[in-house]
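Shared between the two complexes below is chain A, which has chain B as its partner in the first and chain C in the second.
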Partner chain A sequence: MQKLKYERPYIKKLNTGMLNKFASANPAQAFDAIEGIPVKKLIEQYGSPLFVLSEKRIRHNYRAALRAFNTRYPKVQFAWSYKTNYLSTVCQIFHEEGSWAEVVSGFEYQKAVKNGVNGSHIIFNGPGKKREELLAAIENNSLIHIDHFDELYMLMELAASSSTKPRVAVRVNMDTGLYPQWDRFGFNYENGEAWNAISKIVQNNKMQLIGLHCHIGTYILDVAAYTKATTKMCGLAMRCAKDLNNPIEYLDMGGGFPSNNVLKGVHLQSADSIPSVDDFAEAITTTILNFGFEKDKLPLLILETGRALIDDAGYLLGTVIANKRLANGRRGTVLDFGVNTLFTSFWYDHQITPAQGTSTHTEPMTLYGPLCMNIDVIRENINLPVLDPGDHVVVHKAGAYNMTQWMQFITYRPAIVMIAESGETHLLRKAETLDYVDEMEQTPELTKSKAVEK
Partner chain B sequence: MKLKKNIATSESGFIFNPSTGDSFSANGIAAGILAEMKSDKTEQEIKTGILARYDVRPEQLDRDWDDWMVQLKEANLLDN
Partner chain C sequence: MKNKIAYIIKAIINSYAILFFSQNKVLGVLLLAVSFFNPVAGASGLACILIALACADLSGYYRQDIEKGLFSFNALLFGIGFGTFYHTNTAFFVWLLIGCLVCIAITLSLYVLLIKRGLPMLSLPFVITFWIILAAAGSIFRLGLEQRSSSVMYELITAMNLNAHRFPFYIDLFFRSLSAMLFQNNAIVGLLIAVGLLIHSRIALSVALIGFVTACLFNRFTGVFPEGLSYYHLGSNLVIAAMAVGSFFLVPSYRSYLWAMVVVPLVILFIIAFTRLLGIYDLPVLSLPFCVATILLLYFFKSRQSAKTVLTPLQFYSPEVNLYQYLNSKERLPDYHYFNFKLPFMGSWKVSQGYNGAITHKSDWAEALDFVIEDDEHHTYKNNGTKPEDYYCFGKPVLACGDGVVVAVTDKIDDNEINNVNLKENWGNSIVIQHAVGLYSKASHLKRASVKVKVGDNVKQGDIIALCGSSGRSPEPHLHFQFQATPGIGSKTLRYPFAYFMSEHGNEKELKTYSIPAEGDSVSPVTINNLLKDAFNFQPGTAVTVTTTDGRTETFEIGIDYGNECYLHSKETNAYAYFVNNGTAFYFTTYYGSKQSLLYLFYQAAYKVVFACNGSYPVEDTFPLQLAKDPLRWLNDLASPFFRFIKLKYEAEVNISPVEIVFNSKQVRSVGMKDRRISDAQLWIGQEGIQRFAFNTGKHKIEVKWDIKNTY
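And now, the complex of A and B:
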């Protein structure tokens, strides 16, 4: 006789009182397969925890975002934000779709070159560009987005001795009605610094000022902020053309579009309250089109969207290690991945679902990672079905920032696989090993001899 | 580990404590254990029955049994 599926015995107190305005909670549905491939099989093959990316979803997201813009505006260019996810395969998919590269460090710049991106299609952002990195960017004819006056003066010096006229843009920060205002990137619009920088570049005549850039924030839920930013950027561009006789070729509106993850601290955030890429496209393109540019002199619109294009294409699979009761009687569940692996759990209340069939009974619990650190909390409060050690869970919308911001801390970083459009799975990054972690370490003779003495 | 005498339970897993007015819902296996506890089966008898019927290792069941007792105690359903 086949034995019944076991579930830990569990009772839940029933609370009576006012009717719940949200009606009954949705029981967590088992999410046992990604694009038809069983979670269990993926973990058996590649280990747990495991990041899984979907090629189909990445391409779908890119094409939908591009369509949202290029059906409204004639000149649109996306530049893949490397910091969001710089796995070579991911970058190459975006480049294959037509994306340029947007990088914020020498390391990312090197990655973009290695990925075969034409130098003139690399946007070099960021506040920390080094002299030799700027030189490489000048030689490759890349778009250098100037962040501060020290960088501007260094570029002037480099440009004076270079046969190539650097192609540059000024990074502009501004009041868009968002709080807190992001004023650390670039030159301020309101206090005149941005115009001062623009004037210096044009007067210097050793560089080509061809663009204006802004990065007004991240995970922006207010479309009006982009309307304000676009208005100010268009105003500056128009002024460049009229007052300095230096027409601007492109406006780069940066990143900042949200994914449909749930931000911590946002009360009852729902999918309906998150603007779509179409909403942002409508706000930005309408503003440019109505600003008064001549039809044949419309600037190219560049977007550095990252998170919104890849977050929902990534999953993190994990396994329950243990259950415990906390001092107040609540359930605590320990998983095999922590904040070192799922870095975005600092920002999001990630959707986490069981990967196997369960009963309809759920219990409130706290999900912990395996780190011996008090901060290692994946979800402070979540209702999940009764989970037993060895059960698998799926974290949704984990494609952005985790595979770049993760830390080799206490545990190894896990493997990453991609489910190709064909349905096959490919290993993109192997799970780390002791040899990998130790590779950069040096052991001086002094400590070696002491170790031997012991 | 005896249940209080006046605790009312149903086959579907509804539990009512008339002394406090508290009510609880139990999952399938918990409802079964409660019924057996009410019929004065010993811990060992109940565990043997579960091991025969369900796909679970004895060590796992032992750990979960301890947790089960904590739950009943916190819910004020056990005789002191």
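And now, the complex of A and C:
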């Protein structure tokens, strides 16, 4: 018989709540393998902490989202939102599936070009495009989404001396019933700035206005917001065709679809309360289809969905460093990754599960990272079985934003691996080393002499 | 002026070539030359052609028909015959002119009379005219015509040969029989004609030989003519009848070859019968047996209700071209046979039950399709699939597969719980659309209260008519779709293809044209790329100027003919390229004219273009074989009625970006398993349509600029 694992004793306050007919379920079942590869083996091979991505899940998500839209609408195009995760392999998987690239900076633009994306399949968003970046985008026939008048004027100036007509779209923000209203991207719909910008572009005649874009928010839980946004966008497109004789080729509804992570501060959020991509697809496509476009003049529908396509394809594996008792008697557990690595823990209550078998007894605890910073809290309150130093944990749905927003701060950034559809594991990014961190640094003479003296 | 001369010369040469059902220049010129072996006959023949051409032209007949020599070859026969029989004197010229005019009048009258029934006049006008002259000349009244030699007429009806043999007997006889078409009895002339025939068509010459051999063997075994068949009857009646039936009016095949043999005894019978009947009036039968036998057979072929022996649908005056074009059209022109239907949904759906499916597609309702939506794991639902809403297809739009009128609708039947069926209202909510007389489509098991049309509504292809549901005999949501010949909701099914769709089987994705989705395949409609579609939207009344880099220019006019067929016409080279644009694809059907034309390059470069943008996949097609410039072509021609070993393939691929489309195509010759690229072409399309194209044969590279302009 195998020797049973030692579990230290613990004290738990007995809560006598309302009785119900369900037994208390163990919320923390061991999650010991990802796509059939044991967590333990992954950590042994690549170290801890470690980000793990599943190719199968990424492709599955993309195809499901595409299916949700293209079985409802004849012309659909996804554009991979680079900022969500711009690891080259990840981008290339999306491009292979048929996605265009949606970038928001010169750096991301260069990444997309390097990934082999045809210039005309790159959507250039973002409020901070520089002159030379715009020039490159014009030359490559990329889709430039204009954010403000100063950018518009700069483009007019560039277009005047360019042999190719820039292909542009206007970014529109609007009241969709959401609070707070996202009004910082593009031109406002209600106050007429959007129409003003549209008219200016069409009159200018040095640019082709081919699209309209909006980005109404992020992690939107209200389908009706998209119905409103789509209605307003279609209205603008129709006016462009009728009043300006400048038909719009595409409507870009931006991103904003939620993943099924749990937002902080949302009471009892469950998978049922999060609309699925299907629900958004239904709202957006029926609105366009019923708006009254001629059948062969329906605009192309572009979506820049990021989070919903990759969040649940990413995991963060970590290891318990220590346990401690806090002042109020609660247990605190220190993990080897902090908020600098799991950046999304600022707004998500991430699901975290132990990676090895445990007893059914759980204990409320706070999960801390290894940083010497008071803010380094991964979960303020979570019920987990007792964890011993050296035990592994798995953070779920960590695929979006973490691998781009993470910081090299106090610790190194960990390695990233991908489990391919074939079942093999591939290293996508090596764990950082001192040499890597120091690489960009210069050591001028002024400190050198003193250091030597000491 | 230059064009006019070219037109006259062409018409003259064709008037000769058409004697052997050809428009081959070499054969025409050869015949013209050998007709002058008898200078008087040759000259009077040529004179009669000129008169006939002038008359037809002044009477306002189609120049295209005049150019073929249709109205002048009878006059030619008359002229040659007249020049052969009579001495030249004043009366000769008078009666030649009068006879010629009579012949032309009969030609035009017979043409109008017979064309309505789709029958040819053959050499009937010549026969009638010649009888008139012969009868008149032999009367008691003085015409002043003097017969050259009595032996000429005698020779026509007996097997006698006045010349020495130049070749072994039967070969000599064969050549002389060919020369009989020009009222000569000269093996050398026949040899030259045979060479011309060979250049014109391998099939034609082989059928001529078959006719000749059959006739000789038939006579040998039956002994109808104890002294042997006369070279005149062999040539002017038997061989020519075999050629007409075996290689001209019928598409060459083993069947047409059999008919070429069958016609021989028929003609022999007519020769004997007519010789006796006409003997009463002292008239020769000339080529009457051939005319009567051929027209009789043709009329019989035309009046059949169904047949495997195919009449030449479009006459190209070359057995090879007729055959290759026929085979090619049969293979690739389904537009002429089928209504253009599109899949009744958006995105990729799986055929869960196909024709003759194991579950319910049986007996009268066997030819129906069930569609569902599947995910990567082949599940048709998410969550646990206990509610209709869990199923991917539930609530998805159902589209009209083609233009039509709604003739039946049910909309009030509840959707079933999963695994329940409603056997009482078997079909569930359904819509029947009439697309044409006797052609309906039906979608069933629709979602309750989702139907967006009512009886009498006109629907256009692609309109959303309802949502997919699970009403009727439907244990889980799916779309039942069928074509039918009657308007009922319970009507039996009709086998009918969808025009264009993408089909995915395992990892293989291909574009299907005019086929029926197979069970287990995932199918999706073709997404049209508007840039590509607009580039090939050639409107009649516009013209395109094309210019090569070395300055050659041609104008392509876009026109439409009386049969509603669209074409591009190169004004400079007078070449025509007919095309079809059905909204999903652009493709050429036939090409007529010079192979030097730039239009010919464009025809090959853009032979077939599908306006799809569902990703990159090749478009494949085949060229009609007459385009093959190939050392083995003649061998292939000889065998072609039975099998073809050369194939001329077309493969194209398109690279689409929102600003520019590059269309790559190539021509591949394939013999057996060996493929060789003959040429490749590229076509650049921008926002304003086609910009330029390049054609590369390996040796030559031509780049052509494309400028569209309106002419009217």
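By our rule, the second predicted complex is superposed on the first by the 442 of 454 C-alpha atoms of A that agree within 3 Å, B and C clash if a C-alpha of one lies under 4 Å from a C-alpha of the other, contacts with A are read in each partner's own complex, and residues count from 1 in each chain.
Quick note on the criterion: a contact is a pair of C-beta atoms (placed from the backbone, for glycine too) under 8 Å apart; a residue touches a chain by one contact, two chains touch by 3 or more.
Quick caveat, the model's predicted, so the values are computed rather than measured.
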### Query
Looking at the overlay, what does A:K75 touch: chain B (first), chain C (second), both, or neither?
second
### Message
I'd like to know which partner A:G329 touches here: chain B for first, chain C for second, both or neither.
### Response
first
### Message
On the A-aligned overlay, A:P9 touches which partner chain: chain B = first, chain C = second, or both, or neither?
### Response
first
### Message
Which partner chains sit in contact with A:N118 here, chain B, chain C, both or neither? Use first/second/both/neither.
### Response
second
### Task
Mind listing the chain A positions that touch chain B in their complex?
3-14, 16, 323, 325, 329, 359, 361, 386, 388-389
#### Entry: Interface residues, chain C side, partner chain A - complex
345-349, 373, 375-376, 392-393, 395-397, 460, 462-464, 525, 527-528, 530, 615, 657-660
### Message
Looking at the complex, which residues from chain A come into contact with chain C?
### Response
59-60, 63-64, 67, 70-75, 98, 118, 120-121, 141, 167, 249, 282, 289, 295-296
### Message
Quick check on the complex: what are the chain B residues that touch chain A?
### Response
15, 22-30, 33, 50, 53-56, 60, 64, 67-68, 70-72, 74-75
